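Alright, structures below, take your time with them.
Two complexes come next, and they have one chain in common, chain A, joined by chain B in the first and chain C in the second.
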Partner chain A sequence: MRASPHASLLIAAFLLLCAATAHASRIGDLADSPIWAQALRFFTFQDPSVRYALIGSMLLGVSCGLLGGFIVVRKMALMGDALSHAVLPGVALGFLWNMSKDPVAIFVGATLAGLLGTVLVGVIQQTTRLKEDTALGMVLASFFAVGICAVTMIQRLPTGNKSGIDKFLFGQAAAIGANDVTLMAVVTALAIGTVWVLYKEFLVTSFDPAFARVCGFPVKWLHHALMLLLAFAVVIALQAVGVVLVSAMLITPAAAAYLLTDRLHRMLLLAAAFGLGAGATGCFFSFLGNNLPTGPCMVLGATAVFALAFLFGPRHGVFAKWWRRRSQSGRVGRENTLKALYHVLESRDFKGEGVSLRELAERRHMTAEASSREVQALRRNQLATLTEDGNMVHLTPEGWTRACVIVRNHRLWELYLTNEAHIASDHVHEDAEKIEHVLGEETVLQLERRLESPTKDPHGRPIPSLADLRRGAAVDRRDELVGYGRRI
Partner chain B sequence: MQPNESLASREATAPSSTPPASVFSPPISEPPPLEIHDLTVAYHKKPVLWGIDLAVPHGKLVGIVGPNGAGKSTLIKAAMGLLPLSSGWVKIFGAPIARSLTRIGYVPQRESVDWDFPVNVMDVVLMGRYGRLGLFRRPSAADRDKARECLDKVKMLPYANRQISNLSGGQQQRVFLARALAQESDLYFMDEPFAGVDAATESAIVALLHELKDRGKTLLVVHHDLPTARNYFDMLLLLNMRLVAFGPTELVFNHETLQTTYGGRLTILSEVAEAVRAKASQ
Partner chain C sequence: MTQLIPSFGAHRVFVEPWTEQFASTGWIVLMGFLVAAACGLVGNYLILRRMALVGDAISHSVLPGMAIAFLLTGSRGSVAMFLGALAAGVVTTVIIETIHKRTRVKQDSAIGIAFTSLFALGVVLINIFAAKVDLDQECVLYGEIAFIPLEPIVSVAGFPLGPPTVLRMAVVAAVTVSLVLVFYKELLVSSFDSGLAVSLGINATLVHYALMSWLSVVVVSAFESVGAILVIAMLILPGATASLLACRLPLVHGLAVIHAALSSVLGMHLATWLNCSVAGAMVVAATGLFTLAWVFGPERGLSRRWLRTTANEPESGAPPAAASR
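The block that comes next holds the complex of A and B.
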């Protein structure tokens, strides 16, 4: 298990390339300098006392984020939680091995305890009527209880109270040493390597395990391999994050990544990056706050990333959804106003171009104030102009075209429903009211071809043709330009 | 009793228990695509399938029909080796399942997967190539071309880059079909491919199934709609925990067998069968 420390040194050396000259003072001594100066010192590895802590935090962030991605898409978040709590007795056992914080002994003990916990969950599930969530909850709590008792007893031993084993509960990145970093680097490399080599296999077994078995993949073994890697990731994270919160480092970065992308490989990359970021910032704030427990700081960092993804994600974010709804409802409102203006013009056979606010308000069954607001919205979008006294509305060329498009969509759809779907002509209006705003240009052309370029809708009103749209002319009055002949 | 023991003793003592369908002998000397002998499957010690004996001939489109809980899905899952057998054996083209997996194509029930999974349509169809690639190897450009070709066959090529949750039920089913096509198998198992799809997709799927059959493939399709079963399939397999009947549709689709399959519960269905028969004989 113990690889040479060269691997970690190599990583450290690479990261140090970008660092300025090192000053050998603790970051705590700089408490009076501004926060950005401290951050600069911290993240450029200038402070030798925090180097191991920072590198370790980043490594654990990467491995937890990467494997957490699979936990999230396989809906095994609770399993991660149970696994992380079940490792505590193993930590105590590893410590008792030679009464010191030997990383390898603790690693082995914790991994074994974690795997024993997951096996027990499986056994309870298969031999009783209990379901997975109950079995998980039970095993999680009882292993954790055993662990707490063992850790407390170790602390009462004469050599135990200085051991720092209590730090395994809430995590202390400062306790990470050179050996720990080596182990973390090995596990992270193993995790990245395995996911790289077995990406296709993990993808298909996560999405559709039955299909994967028909493809001939050893689904059970792949599952066990993933669980083993997961146990490794949890165990290397213990020192810095602590037993209580380590499952959050699995789940939260991956959950944030899940909200931001629709492809698994991108999600895994993002989750690893978020884990790295959360680990590094958590470590920083822990040192800044005079050795605050690191675990909570990292988890809060990851939660902040999640909150940002939740609020500002480009596709699934709350803000993006709100913006889409808002701009869509704004567009629908404007298009309805344009349509009403068209109807007013049509009702007087396109004689005269201006429509008074009162006519519009009557048409829309609205108060004059409301229709005035609608016209203002058209004006802001350069679809209509208002006379100086604010009474008459005139369509701009673009407004005229858009109005024709909407009316055309509406009437073609009504005709399609009556002719092709055989729906009574007095039942088609409501449907067309909704669909007219979302029909694409291509679909409308198809409709027109399908209906053999009709000129009248089911109610006998003329359908504006594409040629009318281009010329800006009114239907049935092809010689006269409407809408922008004389703008006031 | 060990499965091997039962296999040996059965073969030794009951050579005469040939499956009922063996009268339709394969046109070529290759062993039948699917041969099932004395298959019993149990969930939690409660049997769901009892003593199934069956041999499916080459190049047939077979509908598996039966009431809810008759074990239709269980039968095809057991035939693909996805479930532990309590007794009996299954052979695919004369070989044990593990050795003939590359010859099997599978369309699972649409609800069996999470459609919010972060993959797009192309990713799902490419999975059809995974069985041929085996462990470690990644899909090549040729595999991508094949996947695109299969997507085009189900008219889903324009949706190749869509995330799968943005598809309608019928489109999701087409994606699953494209994935099965990409497997390029000889024997297809399909679990309710018509469930919850629109009429256009249903007829497109039927056309596709017939095309596959005409190319010599053998297809077993779990189907829940009795009236259409008669028109869609060459052969019907009526199932209600036991094998009620298996044979050409026109022989199997009659009042008695349907009554046995569905029991007294579904008299409407046998009436439907009568009506369909009457209409057909006109």
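The block that comes next holds the complex of A and C.
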């Protein structure tokens, strides 16, 4: 549970931000466009620019999420980061090509720069003893520095100041035009098509490159193809998300999806959906806040999705884990009580009907109140009943079976440790205390076979047999209760 | 093109900065050197610990810390900024560890998620409170060493020392050097062999968090002059270049400082020629130095490798003794 405060802090910050965004925009232009009017304008899609921005943001979310899935499972997440920073000089070059924000020129320049960056990371790793992280950081920062020099030089030009090239740093979805949307649609279609066709190849190379090589897949070429697609996705996202935060659109939705499922195809679908959602949300909030750059809003949207998956994911979520641990510790407690009841019954040779609370408390070395609480827990789970005066505990058939199972697990394990692992018999109790709660039925049967169906544990006490276990189901009459386990 | 790249005048590029404009360039070069040296010394340990990208993460995520500290205190006072950045740095480290340990998301993804989220938060905060925060979002990215305030000159006992920003950076650099000297053994052992460090009674976790905290301090003091992303270059490039040339840590430290000085001076000249961002030009110069070391480095440089392979080629079919070497 140590984790949740940080993640929930993030959510809280995000929610606060949403509120604050609304607040700021209201201060900005109270008279002409209140927040709901802005929202209405957004949702009626009457502005073509809103339509382009929204479609563009969703397209880039889909392509980034889809391809990000691969880099997350390949543990190459930071390659995405390096790639996204490395495209900046390419953007500047593409801009210089004919001194305008021509989408195609910028696309080509940025893709080339990004690919050069990824290749350099590999070359540096192969030819020096620098490790991957250093190589990534260096390429990232060096390319970015070159890009910054070029951008500042462009901005100094007479035409450069109005160029809007600085918008590539943090992104502005409002700047997306019809041409950009076409390009984005083409790239997204290309990404989906490639992943569709080469799904099996990408799957195998991502998880087991050695096996892929044995199968005769061109592992190297698949890697380069993935890098090329990744560069495409980063480049189309630049306009809306900006150079600095594109990597988040690759990593965060995919990581959130990774927390929710174990199958790659489901993960890719989820990642694409999360990317789409984050893109739309970011676009919306950026529109509300008038001057807010789109990229950070999208990234915070994606982070919110990740935080939700982190906290509430059904299998790997923090709450699910906590709940599982809690219910497990509850089960262990109940099983220990059952075992103690069994021991009490055993100590008087299974004579007499129930067990009094006092006997139980003595056996467990507990106060009467604590053992009463334990019995209540048993009662809630239909493992035992209490007499009206609340002093005598009777096991239900189900409770008897569970008690036998636990004692049986414990004693068989002790015997196994003494006979097979040759551990002294006075050293085996602690270990058996722990394992009795986790041994499965199948394992216990194996143990029993292996030990040739023993009847006594190393301390000379009888091991409950399968027949004793089943007896619980048949016995519900009182007089037979007395005879519990007489044949043991 | 002629508009873009100004003509190269040797007098304008090499002489004027040291004569007529010395009053400003002197401080700029000194500042660049201090930043690169302090970052380089800390960065050496990041490289050794394979945590270069944690440096990347922290340099991004100090932004919201600074923005929140500013909003809370309403001043750009150094202490509040330092505390905010320190807190943000530690929070980043904790978030990365939490995501990495609590889920099956790997460390690289955890880093990517943590710093982009925090950075986005910082940018949004700055944008919302743009009127109140004296932090420019472009400045945040690549800083501007040329605009560091040179006035007023702080003087101690009537002896003029220098502008406050430079002085602060000098103090940070001096403390960095002394920390490295005092805790040399602890840092060395825990960086190379954390198991040995624990057996020697060194608290490796404490060293880790102390290093991260000091990294945040260095990053935030460098922030103003080089911005969030170029800081990474300052952290990694000196150490990476030095480790191509030397194997012993003291030598690596020394070379990193020399690299810092050279890249600062060369970067200033480059920026004077191209009339572009000074911090960017310093990193470009640092990259150039790295490339030189990479290609022409003794023993492991690319050119040596190439020479060795061409020299070995005639013997390639020759006795196994040569081949096994």
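What to note about this one:
By definition in this document, the second predicted complex is superposed on the first by the 319 of 488 C-alpha atoms of A that agree within 3 Å, B and C clash if a C-alpha of one lies under 4 Å from a C-alpha of the other, contacts with A are read in each partner's own complex, and residues count from 1 in each chain.
The criterion applied here is as follows: a contact is a pair of C-beta atoms (placed from the backbone, for glycine too) under 8 Å apart; a residue touches a chain by one contact, two chains touch by 3 or more.
Worth saying up front: this structure is predicted, and the values here are computed from it rather than measured.
Of the two partner chains, neither chain B nor chain C is touched by A:I192. When the two complexes are overlaid on their common chain A, residue A:L203 makes contact with chain B while staying clear of chain C.
When the shared chain is aligned, chain B comes close enough to touch A:F211, but chain C does not. The partner that reaches more residues of chain A, of the two candidates chain B and chain C, is C. By the touch criterion defined above, A:A145 lies against chain C but remains apart from chain B after alignment on the C-alpha atoms of chain A. Once chain A of one complex is fitted onto chain A of the other, the partner contacts of A:L308 are absent, as it touches neither chain B nor chain C. By the touch criterion defined above, A:L112 reaches neither chain B nor chain C. Once the two complexes are overlaid on the shared chain, A:D81 sits against chain C while remaining clear of chain B. Applying the stated contact rule after C-alpha superposition, one finds that A:I435 touches neither chain B nor chain C.
By the touch criterion defined above, A:L264 lies against chain B but remains apart from chain C after alignment on the C-alpha atoms of chain A. Chain A uses residues 75, 258 to touch chain B in one structure and chain C in the other. The touching residues of chain A, counted against chain C in their complex, run 2-3, 6-7, 10, 13-14, 17, 20-21, 24, 72, 75-78, 80-81, 85, 96, 124, 127-131, 133-134, 136-138, 140-142, 144-146, 148-150, 152-154, 156-158, 166, 169-170, 244-245, 247-248, 250-252, 254-255, 258-259, 289, 291-293, 295-297, 299-300, 303, 306, 310, 316, 318, 321.
Residues of chain A touching chain B in their complex: 73, 75, 197-198, 200-201, 203-204, 206-208, 210-217, 258, 261-264, 266-267. On the chain B side of its complex with chain A, the touching residues are 77, 80-82, 98, 101-102, 104, 106, 108, 112-114, 117-120, 123-124, 127, 130-131, 133-136, 138-139, 163, 179. Within the complex, the chain C residues that touch chain A are 3-5, 47, 50-53, 55-56, 91, 94-95, 98-99, 102-106, 108-113, 116-117, 119-121, 123-125, 127-130, 137-138, 141-142, 229-230, 232-233, 235-237, 239-240, 243-244, 271, 274-277, 279-281, 283-284, 286-287, 290, 294, 300, 302, 305.
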